[in-house]
Amino acid sequence: MKVAVFRKEHFNAAHRLYNPEWNDEKNKAVFGKCSNPNFHGHNYDLIVRLIGEVDKTTGYVYDMKKLSDLIKEKVTSQFDHKNLNLDVAHFKELNPTAENIAIVIYNLLRPEIEESIDLKVKLYETERNYVEYPAS
Amino acid sequence: MKVAVFRKEHFNAAHRLYNPEWNDEKNKAVFGKCSNPNFHGHNYDLIVRLIGEVDKTTGYVYDMKKLSDLIKEKVTSQFDHKNLNLDVAHFKELNPTAENIAIVIYNLLRPEIEESIDLKVKLYETERNYVEYPAS
Amino acid sequence: MKVAVFRKEHFNAAHRLYNPEWNDEKNKAVFGKCSNPNFHGHNYDLIVRLIGEVDKTTGYVYDMKKLSDLIKEKVTSQFDHKNLNLDVAHFKELNPTAENIAIVIYNLLRPEIEESIDLKVKLYETERNYVEYPAS
Amino acid sequence: MKVAVFRKEHFNAAHRLYNPEWNDEKNKAVFGKCSNPNFHGHNYDLIVRLIGEVDKTTGYVYDMKKLSDLIKEKVTSQFDHKNLNLDVAHFKELNPTAENIAIVIYNLLRPEIEESIDLKVKLYETERNYVEYPAS
Amino acid sequence: MKVAVFRKEHFNAAHRLYNPEWNDEKNKAVFGKCSNPNFHGHNYDLIVRLIGEVDKTTGYVYDMKKLSDLIKEKVTSQFDHKNLNLDVAHFKELNPTAENIAIVIYNLLRPEIEESIDLKVKLYETERNYVEYPAS
Amino acid sequence: MKVAVFRKEHFNAAHRLYNPEWNDEKNKAVFGKCSNPNFHGHNYDLIVRLIGEVDKTTGYVYDMKKLSDLIKEKVTSQFDHKNLNLDVAHFKELNPTAENIAIVIYNLLRPEIEESIDLKVKLYETERNYVEYPAS
């Protein structure tokens, strides 16, 4: 049977929720204070889950040091202490909701991990609001 | 692919575990100190999980403000600072174990959320004892 | 120099806030939902802090096992899974606010610990409301 | 003896660290990634501690509901989902380090609470970096 | 529908990661500081999840007191304050990675719980590294 | 007035409690399972508190990056993934109780920080047992 392994990382970023096809009034109506033009921010906690077979020689599904380095290289070094809307190309035309951020992170990591290993991303925007992709 | 979104709320309530078809001795034998006739209580943490498609115009599966308001209206405003056995109609004839509280909460929320969205409820009675319904 | 040592324990209890010299209306006005006649409850986290010299032979200020046993004997075995108002003699005529519970716990522990050791009690009623006695 | 009471609130905000008397190079050298021109952000946890006598009729040092409302009115409603540098007047000419934010919060709350009550503010910028003012 | 119930326990243990078929150099290359010959250690948090039908007479899927006692008897009393490599027979020839510890715990508990109940084990080696078996 | 700043770091280590002047029986009687000859271990959380004046040009009491680097250089790089009794010179003749570890850490950091700044160390051996030095 397979084992799931989890690695938690974090980053701090600014963002605002905004749909450029809507006027300010509608953005305000839909996104409320999350649409503040000057941005607000969060301490994002990111948990990456891999599922795979345990390697007999190491007892590992995946080397957690290698996974941590991969997350730092592909995700947190790009997102940490950044403005997601202005500084991160993926959100130039994509609203940086927790849902969309999780999908972007998944898409950044998926090509880096062998296909036989299942990947899932959990992203905490706050302790009380968080998302998971793909949904199981 | 679908995304799961999670919202955490809480309430503080008193309860006791008790089966009216049993005498006190048997209730004490089965439920131990949880059967104290004068009640005890908990800080319940409630996590509601929805799974659905991400709306292209909002980037949301579900508006977390709307979900928070819904949980408050249907659940926590009824349960918070209450005695579950005495003050909450659902437990007049149902033992308020964590399992049964979670099922009641699910049944309160299910009709309020569109059928295409999957719903799950996680309820922490203490940091060390918690339940999830439906079980995946 | 002295070292402070901390031990965390917990108990789950029901209570209500109520001043018998006031009518129900006034109790409701002052204590709000905390005055619900049928009680509500909490998971109380209790942190006991002792300050003293480090014993050269053990490297301990105080044996944490002994402190844990003492807290269980004098406090949590009396309070856990109880109704503070109805089941605990100390609150028969004392309103079980977090402040008063902390003072009662301090008074229960103080005679059991040598005078040369400083004692302080921190009590979490919820993650967001907590008290400390004596105040430093 | 006096009792300390604590209330935890939170807010999410964007900020950047920047000294306008320095050029960008020096700001970058001193503040590193915290000086990103497009801002980053945090989930700030704020703990307000009051020390006072326990009122005999209520068993309270201070009504936690009143304290929570006060913090919301004077602090979090001004700071939450805002850009501290651009949206909050107090930081127009004051660098929004955790230290300075804590001092501003203290100064906002101090006039609202009777002088006989001791006030202290603890501010978590992240789980790993936090400050307390005044220092004890 | 079925309900999942969770019980959290913990133990503190020493371990090292080591493959006896490799020389020290290769062990060091693969396991890094986790291969320190004199061991290091962790506070392990263990969460056991059971899924089953709610018993109509008790409102329980499983008595949490009974589950806690079972985990203590079969797992934590064997692992707590032990050196996993030297003191626990299961790891005499099995590398005590989090993956392998979780599988061993699952195998210790599985025969003790009726077959109709689904069992899963989650093991936190640190707050940032944890595993789940079987993977869902 | 002065501000306190806090930085949290962590390390994972093995240890045993043992007084070489006592026989095994007495060590066992005093230290119980903490005296297991083959060691056990912990995830230690270390919080370093500095108190000082806020620098007008930076808004900092102390650069948290610099403090983090200092703690890593002087403490966690020496203690992490080590056996405190066997691998860390400071405990060759000093029992590695939480109290003594905190004092050693204080003594390692004190010479590195200017005298005008007050230093305190808090060390969590587990979530339930922790110490602070110097005691305030």
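Just so it is clear, A, B, C, D, E and F label the chains in written order, and each chain counts residues from 1 on its own.
The working rule: a contact is a pair of C-beta atoms (placed from the backbone, for glycine too) under 8 Å apart; a residue touches a chain by one contact, two chains touch by 3 or more.
These numbers were taken from a predicted model, which means no experiment stands behind them.
**Q** From chain A, count the fewest steps through touching chains until chain C is reached.
**A** The fewest touching-chain steps linking chain A to chain C number 2.
**Q** If each step moves to a chain the current one touches, what is the fewest number of steps from chain D to chain E?
**A** 2
**Q** Counting shared numbers against all numbers at the contact of chain A and chain D, is it over half, same, or under half, different?
**A** same
**Q** Where in A-B, A-D or E-F does the B-E interface recur, with over half of the contact pairs identical by residue number?
**A** A-B
**Q** Let me spell it out: compute each chain's centre from its C-alpha atoms, then which one is farthest from chain D's centre?
**A** E
**Q** What is the distance, in whole Å, between the centres of chain C and chain D, each centre taken as the mean of its C-alpha atoms?
**A** The mean C-alpha positions of chain C and chain D differ by 28 Å.
**Q** Please tell me the distance, in whole Å, between the geometric centres of chain B and chain D computed from their C-alpha atoms.
**A** Their C-alpha centroids are separated by 34 Å.
**Q** I need the residues of chain D touching at least two other chains; which ones are they?
**A** Chain D, residues with two or more chain partners: 127, 136.
**Q** Can you name every chain pair that touches?
**A** Chains touch in the following pairs: A-B, A-D, A-E, B-C, B-E, C-D, C-F, D-F, E-F.
**Q** Within the complex, which stretch of chain A touches chain E?
**A** Against chain E, chain A makes touches at 1-9, 51, 54, 57-61, 63-65, 118, 136.
**Q** Residue numbers of chain E touching chain A in their complex, please.
**A** By the definition above, chain E touches chain A via 17, 19, 21, 30-32, 94-100, 102-103, 127-136.
**Q** Could you pull out which chain F residues touch chain E in their complex?
**A** For chain F paired with chain E, touching residues are 10, 12-15, 33-34, 36, 38-43, 80-83, 86-87, 126-127.
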